[in-house]
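Two complexes are shown next, each including chain A; its partner changes from chain B in the first to chain C in the second.
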Partner chain A sequence: MNRYWNEYQKAIADDRFFYERSCIRQTFFPGSETAFLKIMKEELGKDVFDDFRQHTCTGIGYHADVVPMETTMTVVARLFSLMTEHGYENYVPSCVTSFGVFTEMIHMWQEHPELLEKTRENLYKATGREFEIPKNLVHPSDLVYKFRFDLAARMKYRLVNRFTGRPLRVVEHIGCHYAKIFPDKGVGKAEFPYVLAGMIEAWGGEVVDYPERRHCCGFGFRQYLVQENRGYSISNTKKKLESMEPYEPDFIVTNCPGCTLFLDRWQYTIAEMEHKTYDREGYGIPVLTYEEMTGLLLGYNPWELGLQIHQVQCERLLDKIGIPYDPKQKYNAADGRILRAPEKPDNLLV
Partner chain B sequence: MKKVAIIGAGPAGIEAASALARMGVAVNLYEKSETPLKNLQDKALLFPNFQAAQEVADELAGKLLTDGVSTVYGTDITELKWLGTEWKLFDAKGQTYVADAVIVASGYQVFDAHRKEELGYGIYKGVITSLEMESMIKHGRILNASGDEPRNITFLQCVGSRDEKSGNNYCSKLCCVTAVKQAIEVRKQLPKCEISVFYMDLRMWGQGFEEMYRTAQEKYGINFIRGRISEAAGTFDSRIQLKSEDTLMGLPLKMTSDLLVLMVGMEPSCGTRSIGVSCDICGDYGFIRTISPHLYDNETGRPGLFAAGTCKRPMSVWDSINDARSAAVTVKEYLDQQG
Partner chain C sequence: MPDFGFSIKKSRGEDLDQVSLDKYRQLLEREPSFKRCFQCGTCSATCSARQFTDFSIRHIHTAFRRGDYETLEDELKKCMLCGKCTLACPRGVNLRPLIISMRQLLDETPVEVKRRRRQR
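And now, the complex of A and B:
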């Protein structure tokens, strides 16, 4: 390991966190946040508070230039006021974009105290609320990274191919807003981020270092939010997938909602457009969130983790690791009702 | 008899020692390594006349035999203290020495390329420094990461120089011409190899440099591209994928190379830094500060304390030697004034 990487660590609190959920993760990967809370509370015995009154951080609107910064600051301040009200000092936003927004707002308040005063005033006038800046702002992936060895001791499975005995080859991809805006806020900084790589290595896997490792996942906000730009979005994802293909990765893991979504869903689109898939058999490369990866290794039910919601299906990966699953339960609702299975794509095998 | 201590047995230290001894001054030359001229002996050929570095080193080493020069190797002087009439020198082992005057000639070290991790040094075998390329040229064995003859080699200028991220905003002055020299040497040894040099601007400041740059293009077919490499990444076949922008064409650029040579800049050596701090003569970026670059470029402003060579700033070998001669004269004048 490059000896300088050891210097790229960050302060991560040990306990008592205020958790903020993500707008889009709850839709796209509904089991991930629930899994995170279960991991923190039940596996690690940590105090994590989940307030039902929380709301957007404005991140997507802010980066799309439809929400002015003053508004974002005030909205962020309200979220912090919930944390303050409950007596917490450590803030953990589920979404990487939220993490970036909070980091940026705190940085601006530190550089321009007059903005902080103005935000306090705006929040008080609008809601009568007051807030403190968190003492420790971390992303949930930082916490899973910090406790990776404690979790490893509790895991039922490892990132090892049970048929060959070889480590699984894992592509890791961090969200831009995790470490590319403020590199020193990410474990391992921006060039060779270690937050996900550290989990993979600790749990028996092998990190794939491929040429386009740092390239954009394909989301990039304006590349996708502006419909005319979506060609840029898919071409970026394609570039990454082509670059990782020769290494035959077993799966991709990310810590950002946009990255998970686009690396997963565009595989379907590319298969439809070009009849191209990025594994030998035509099933595509599964894309997991780090909570899903952690939950699987801890022995959580894959369907309760929500893996059936992904575009690229995970059964072949589960078979490699040796995780049991019941195919009949795959499309059952939580109350046991049998839901309609989705249509199968024409080109991507499921 | 007055005694002068010189710290560092590089070109500047040796030249100053020899010049002072010839003027009848007793000199103790302290060197932290076990041999002199280490940086110079790492080099193959010197620009702009492609003279063998070993020839220059041999001639300089011969000057150590001058009567009156006494060498003390394996002694790392880390601190100096002015006692009112003389200087006391402390080495890393706790030994002390005294002298009427001191010339700091503790030199430079090359930038540690690990610090530019986006360029992959220490991570990918195909990424090497200019120092390692110099060694390959010297030994006539230019090989890629797989041990084969490379089909293409890319040089990147300004690694650790003119770079805010690494904290070195200054120009290291010698990397531009070194890359041109190395590119020509590679072409001579590997006629079929495709060679590219990425640069911000080429600073051909010395006599014969501009001509060498032109020759590199016209005679040797070296490809010069204006742009910085933003990222180097290993490929499946152990080559290096590079991303840049050709700023003359205004186009993004992605290419693959067998070897990426990082032209590492010059930084003050550890000894230069520690002496600079201990004597309060630490200038910008840790180099030794002198009174004035125009009229008093060997004087530090402290009585009997002088500086010569690359401990002050990046310099060529000949600049260091000339500067050392100037320092020797200045020290002799100082000693004469002291009676």
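And now, the complex of A and C:
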């Protein structure tokens, strides 16, 4: 059994990473990337470099067919040149789509060396920069997965319902671009993605195995970029939520910016359109990023992690785990200013 | 409700545990040539009614194979039984008798069941 399972593992470097931030995560889940850096640097003592000169990977434009592949290659090459300049060889993109784009571009360069030469030439002509291909390309969730037992030893809380003493039931959702494009680049490949399930099991939770577990979340770029097409997107999400509803999950955890956003926000839209929510009481199912889940269990302040930005509010989940929080500070800015609380939706309870 | 500019689409997936394929099986007994259909759509392409309406024999075939009989009775009335599709079919499916058999099978559905379907 172990022999076969070994084939489903991937090489994950141990230290010295160049971190690339996501275009959209800092808006949607503003505390997640900061939490990841804190976890890696302060909890695990790893060397992670966060360069202020980084930029987009072109992922959204590339998948929407408005950025040609040659441009994407050159932009990716510039990001790699920043890593090379600082003497790093392990690249960690925060976004699952970026991870997919980098994997794809590296694969293209390996299959077609002339494209690599052309990219080097384009980059040099445009910026005077040179780059090396990373020796190890991993997603941040791979790193949290790799160090999950080290983190477990430092955690203040576990994924256990303190009222019943039973493990929390967690739906894990892996972004499609993590392992469905290049299956061997994901922990557990595309068949048995284990990167999030491994964290949940190591931290005391119970993974929910439901029929549409591997279905797309609905983020697919072509499904939502044009407003009229968003019916396809929300229909995908609804299919997943309907499938998981009978298992009564306590929360959903994902490793992709789009999945977290749409599984969370579409719950509001479905509630408005169809007066339907997917938990018994009408509050919806909370959706967390894996950094938020890790940060919460390590004892970080939920409001500093940015949980108040989510559509489905997380207080009931915090109560179940036993994490203290101050409701008065929920809408306080980092500088202490009190921000205006958002409007309440009509159908989704908050 | 706010105007989102889009709507939730109903799933087109069929749960075969929830539908009855009895009528489809009866249809195959009455008109075995239906088994030869490979859904090329020649019947729809040549159909006179199709030129002017959204009537599609191919859709009817697919719906019948899936046990989705709800709207078929009204759809089948649109067929003028001209028989052009039977002449055009590359697989030799007896389409005209097939349509008649479909009408008969759906007509045999108990009135009470039909009424319930319309109410849904």
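Note that the second predicted complex is superposed on the first by the 344 of 350 C-alpha atoms of A that agree within 3 Å, B and C clash if a C-alpha of one lies under 4 Å from a C-alpha of the other, contacts with A are read in each partner's own complex, and residues count from 1 in each chain.
Here is the rule we go by: contacts are C-beta pairs under 8 Å (C-beta built on N, C-alpha and C of every residue); 3 or more make two chains touch, one makes a residue touch a chain.
Since the structure is predicted, the reported quantities are computational estimates derived from the model, not experimental observations.
Chemist: Tell me which partner A:P246 touches in the superposition: chain B (first), chain C (second), both or neither.
Modeler: Touch status of A:P246: first partner only.
Chemist: If we overlay the two complexes on their shared chain A, which of chain B and chain C does A:K238 touch? Say first, second, both or neither.
Modeler: Only chain C is touched by A:K238; chain B is not.
Chemist: State whether A:P211 touches chain B only (first), chain C only (second), both chains, or neither.
Modeler: Touch status of A:P211: first partner only.
Chemist: Under the stated touch criterion, which partner chain does A:M273 make contact with: chain B (first), chain C (second), both, or neither?
Modeler: So A:M273 only meets chain C here.
Chemist: Does chain B (first) or chain C (second) touch A:F192, or do both, or does neither?
Modeler: first
Chemist: Name the residues of chain A shared by its contacts with chain B and its contacts with chain C.
Modeler: No residue of chain A touches both chain B and chain C.
Chemist: Mind pulling up the chain B residues that touch chain A in the complex?
Modeler: 114-115, 117-118, 122-123, 231, 233-236, 241
Chemist: Please give the residue numbers of chain C that touch chain A in the complex, ascending.
Modeler: On the chain C side, the touching residues are 1-2, 4-11.
Chemist: Residues of chain A touching chain C in their complex?
Modeler: 227-232, 234-235, 238-239, 269-270, 272-274
Chemist: Spell out the part of chain A that touches chain B in their complex, as residue ranges.
Modeler: Listed in rising order, the residues are 2-5, 191-192, 209-214, 246-247.
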